[in-house]
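Attaching a single structure in structure tokens format; questions to follow.
For clarity, chains are labelled A, B, C, D, E and F in written order, and residue numbers in each chain start from 1.
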């Protein structure tokens, strides 16, 4: 397969404005400025691990575009399919984030309506794009935006699939975008195209009405649809600042389940984006090594390490992730640094 | 006159997100968080000088509402007429600001479309409001928003006028909101209701097609419309970080012009909002002392001091402004502090 | 009862100067600037929950007065009974605070002697004040200042009581202000006036010589004095950064005890002011709902959430506290945010 | 002369709490923490230039003492004569400082009453101290504190003089400490002991009633009193952020005046302490080189460079000052760095 | 010409550690972290203007490599020719920078000896590189490093030239790297290969012993060597914080001189790198438009705007530079922003 | 014994550049600036506890020298034996530090090759130095630098020993400096001179091939060499942010072991330097009280408290450490502050 990109993602790029840790939106006079958005996180993280990635999105043609493009390039995501919105009311979606500290929960305010991605149109992208990547990924957030974005996403899925591209999809259910029924109805439309499916146990139960063990649930998706791989993260919240994290992956091809010991007592600095980091690691492992065990290990390691930094995505490289995996397989963890 | 408020303003409240001084939007990881909006600035500053003020606006019912209300209360602006927008797509308008440094200009990105004020409706406010203040103020920015906001503003002007309320209006022309012709057509509709009119010489010429000296221009407005007072600021930009500032006020009643020596060599830290500070000082002087000379002095002093702080509005009090006026009338300026 | 305020508190307003977290007073070049003082914290927090509050205090007539007044207004505390000290040696009390980190303890340096409140005089306040509130609150800190402040506080208690005002008192024993015997002697003078009494188990034993269970102790206060309600907080320090917190309230009227499950594993960002937050929640619950169970729930929730922010007082609103209470009654806690 | 110190100063050590530049005391949540006090500035700066210095002062025995002592040691000022105040109401004087920006003036709030130095007593210091230095310096600020501090200062002057120590005195008139008449009466008491006298032209005229040219004024002091050297700074304020600075020194011994070209267009970052820096440079030049020309050059250079940093005192060393002097004598100034 | 890159530069990448503005290296506890190095600045800035660039350098294989690569990618510089130094003593050169404020000069401490670039070897780069770009640029700094770096640079010049690549060279004389004579001897070796030559008037006189007017000097270089274009910047330092800047370019081909009005009263935030920004603009203009007038305009505009930001290089884009040029040709400058 | 210093240490002074907590070297634009180096940490901390200390090192003669000297003086370490390196390629060693957060490990990048200490020569120091202290301390880091530094260190040990000075040595094995065999061979050369030996159990086993219990290991060192005291720290890492810490000391003289309860659940803010803090406390206790129990208690307390602050060394004083010891012996720990 001679395609330019390993992964192309589609989704909304958001400006994330968060309070300093321990601060509140109602107080203070500074905000931290980051980029976010599930599919951007994933493209950036896979790019940092060394695969070639690009992202399809639509952003306003203003000063913030330079911020977005610089960051994408910094993490090796091609801006070739970034569409510039020159309309008068073009805007970048924003979300405001306030860190929690038990018993005060983290809180998020979304201001993403009317953003440029909602005007995206299939004519905005070149036909060549559809046979230019090994894998296409999007999520339930993009579908949940509804309207043009949903329509565009579904069309992309079909067109990429026609070109023999692997289709990856993460349900990523957000109650503030749509109801469970809306989500189910829409996602069931695209499941026939999906090869790699990310769905948490809770969502499988609540949104798709699944029952039984997680293993049964995963298998049932592959029985209903021509899905090859189902991955489900498993998070245990010990305290808001200590989580355990692992996942289970089911491969339909060899009818096997993949598991490993959880990363226990993860220091949670910033939990946002850890699910996306999981997807990025899993897709990297799957594409690079064609091995669900590698998908599992990279997925868990990326998710675990993501918790340790502020912002939606981790800045890392393959060497670091490999050493985290090696350490994890070895003895759990070691506190001390090498010097 | 026994009214609860001295001044009620109407306008949009904006979240202002600015880079650190010398920073760029395309770089860095922090933004400064302030509130802005011409009519909020004015209500806050008049409130700080000791008159009773309130503001009519519509804001989303989210975590940022607490930030807005706390700040309004801190500067003694009543939140009684602040309307809470509980709609799903409610949002606060945002503007991003990057400071300039010659030859790099300051730059601003507005993201105010679809904000909550655009859904404002005359039924959102109680009828009692209209006879509850001595003066009502709004600006060409509010009219320039068009749609419901414009309609609401015009209705407010009529209803306040009916109750014998003084009407104050600042043209505040913004090319990114509407064309000069649109502005002129709309503003000429409301000029018959206006008592105190703020209009710069440039705008008078470019938008209203006025000719002649500034004195002739000011007088002509009072001849065409039943305007009592016309105030025009006069700014000289020596360098982007050094301005001179003064103003000229015409009183139709006694057919007199009021002037004073400019504040020269103002240290420009942040120029945004200095025009609003002028309006606030002028309205304070006019309402408190019923004297255009006082309007001039307070207006110029408030405008001058505004340049010295970061953010849309100054934090000050009457005692400080009085001492600045005294100093200014005395000898220009004195560099040293009292100790 | 038609009184303007729900709560008036009396106490000293302090400028709190704290190091950055992990910093030391002996190092570094910045300090964080907050306001503090038990009774200010309480008035602010009750004000934020929606009741009308004012505070009696005396502050110097200098630039810091604006800081104080802005913050009071921001949290809806009336400055009507704030007395301006124009004396030459007027000053605001200061305390310096350094965060601890085991085994390094938090440390505090008080510099509150000779502050303006020590010159407070009953003639500084209008007679009308005494029949203008439903409840008056002060604490053992104010009495412990001694001299004029103590005399003023005792006089206030008497005068408010004469007007049928509820009297609330928090022992808040501070060894650096007075000895246990001095405290006991003084407080026993005012207990005959007190309706709502806050006293921890330790203080009851050490200062008042009480014995028996906490339930017996609480009841004994109501037997000796015409106290209606006794509230005692119960804190377990697991580590300096993890506390459990709950309380027990005794109502003499129906001879009942109120308790609930503790908030466990509270993330302690800043422990200062959590006792005051308890008082504010308890008084809010009591006044708003006339129900000791509500006093308990609001008290515990306010105390618990206070630990999560830097500074003497929390910035919050009723909606947030209600959701924390609901969450707490439900399942302990949930780590994830709503989105 | 075999004395341990070159210079011992006497004065109050103040904690300086300043807003960030462009910030206001009424806003924001951080303050910068520095030490200040004229005589500390002088001892520190002379210490940095390489002479041995110590300072007599009295400070509270609390956590801030470590901050003070660390800073003194960092600038090579001996803490041998620093007296620890263990009294209950011991306190360090504080001053709050807000930077100005035309037309907003810098503002200062002093909170120095009741500070530990006001309890200083001659018994606090060892008799050996009086023959242990070549020069003793204090200022009109210490005398202006009145009470014990004034009494102590006058006694020190007498005792040091008895031991053949040079006495240096800077009038440093502060209207917020005493009236001009009080200052004159007190200072005239100690002038018979003074060898090196710092007095600005304005103060000479206003406080001492001098007339004539600055040269005549300087000479007249030496005619009335056995003063050897009189130094007067000359500052021209072009704008609050641009000053010119030079000085004139009169030597009675050879009846000569010393002058040099002013440092023109000094970038004023922080003007506080530039007068003290002048004294430190002048005393250094005088003691090290026994030459009034050197006193002039070091004084002017130290004053000029002080304006360039935040805080009461400059951090520098002899090499830097020598290069500034060389540059200044050469061509005025050069913008570029050496690389 | 079908080459992959428009510009390849060769030079050392430095970690720049600067104090906060107004801070000193001897004080404080933070440093700002940037990348620097003349040839990196140039590649980054040309990359931002839209041409394809790469940089040849050698950097240590440690955590800082990720910082360097992310930044290069962010500004669109290919890391393809970045050589990783895995030696034990590999290191990145560092320079410490302290901002000046008259009369305190900016100061710089270089710690670049033994850095990885000093081990660079012609075998580190592929032969294909030499016919893969339209233009190769390096500077006297790289030659001044001596040893392997110098040898490598000279070899690169020869090899690129052999492939018909344009050779650009900026003298950029640094006295702390070599003497004028050493510089002259070495540079005269490579001048026969140079097409575009950057040399200031001062350097031409002091290092190359040129006399006559700047026009005569520029022409003489083209007469002695087969140089096509000579560009010389002209800077006037009004104060350290106000500079004027322009340049003069001589084209040998049409024997013409190009000049324009200086950018006057530039606000100097950070002067470092403005010379490199000039080179980047000039090379961009020359390569894109094949026009020395464009080289002049882009060079001057890039240099002027560079002064306005902190760090070695500007973050910008073509649209901004075009608008600065348009503004400059129009009326000098305009203080106000567009809104 | 009449010697000027209690302790002289020898080692490299490093500039420590660390990310903000939770930050990464590959991101962000600030670094924290501290000094580090095992032997500097020890001299500073013993100096703060009240003994007289000096340090032998060699540092470049540039702007950073002032930073180093100011900090040394601030913590009462004499700079008398600090050697100034005026060579062209003089440099201060640097280390970059990134905090970890499980599962992301802390990471360190050393850049200490070619630093000034590597040119140190016995002729740089005066002969008088060798009989001017009670105790000399250095570590395996200094020996591991190899070359001149190693040679100098061994010579110092011999010369100090000749003068009857106590020799203290901490193995402090660093794999990035030398191999275990190199370390063993070198250290065995100097063990015959050592009086006080610091060696962890792990190092004893891995580097020196010891077997048996820690007690047996400690004793065996004293049997093989004329060592008086062996101290070994014992650290248990619960999580990277929670450690337990204690130590065991063996005194050959009275053939006794000293132990105490560990400090449990230490809040680990910054673990770097805690081993050095142990050495400083142990040496202080030993020198001041001539008692291994005191060495143990001060060592453990200093190590424990070091974890609570950012940077290589703690800022503290004897009073604080004494209160930590008292608290520790009493009841483990107490969360609350004294007020």
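Everything that follows uses one rule, which is that a contact is a pair of C-beta atoms (placed from the backbone, for glycine too) under 8 Å apart; a residue touches a chain by one contact, two chains touch by 3 or more.
Every value quoted in this text rests on a predicted model; they were computed, and no experiment measured them.
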Most remote chain, CA-based centroid, reference being chain A: D
C-F against D-F, pair bridged by the larger set of C-beta contacts: C-F
Whole-Å gap separating chain B and chain E, where each centre is the average of the chain's CA atoms: 46
Chain B and chain F, separation of their C-alpha mean positions in angstrom: 62
Contacts with 2+ other chains: residues of chain B: 26-29, 66, 70, 107, 315
List of chain E residues in touch with chain B within their complex: 21, 263, 265-267, 269, 301, 304-305, 307-310, 315, 320, 324, 327-328, 333-339
Parts of chain F lying in touch with chain E, wherever the complex brings them together: 17, 25-34, 62-64, 66-67, 70, 88-89, 91-92, 94, 96, 98, 107, 109, 111, 113-114
List of chain C residues in touch with chain B within their complex: 66, 70-71, 73-76, 315, 317
Contacting residues of chain C [partner chain E, same complex]: 28-29
Footprint of chain F on chain C - complex, ascending: 22-24, 26-27, 100-108, 110, 174-176, 237, 239-241, 243, 271
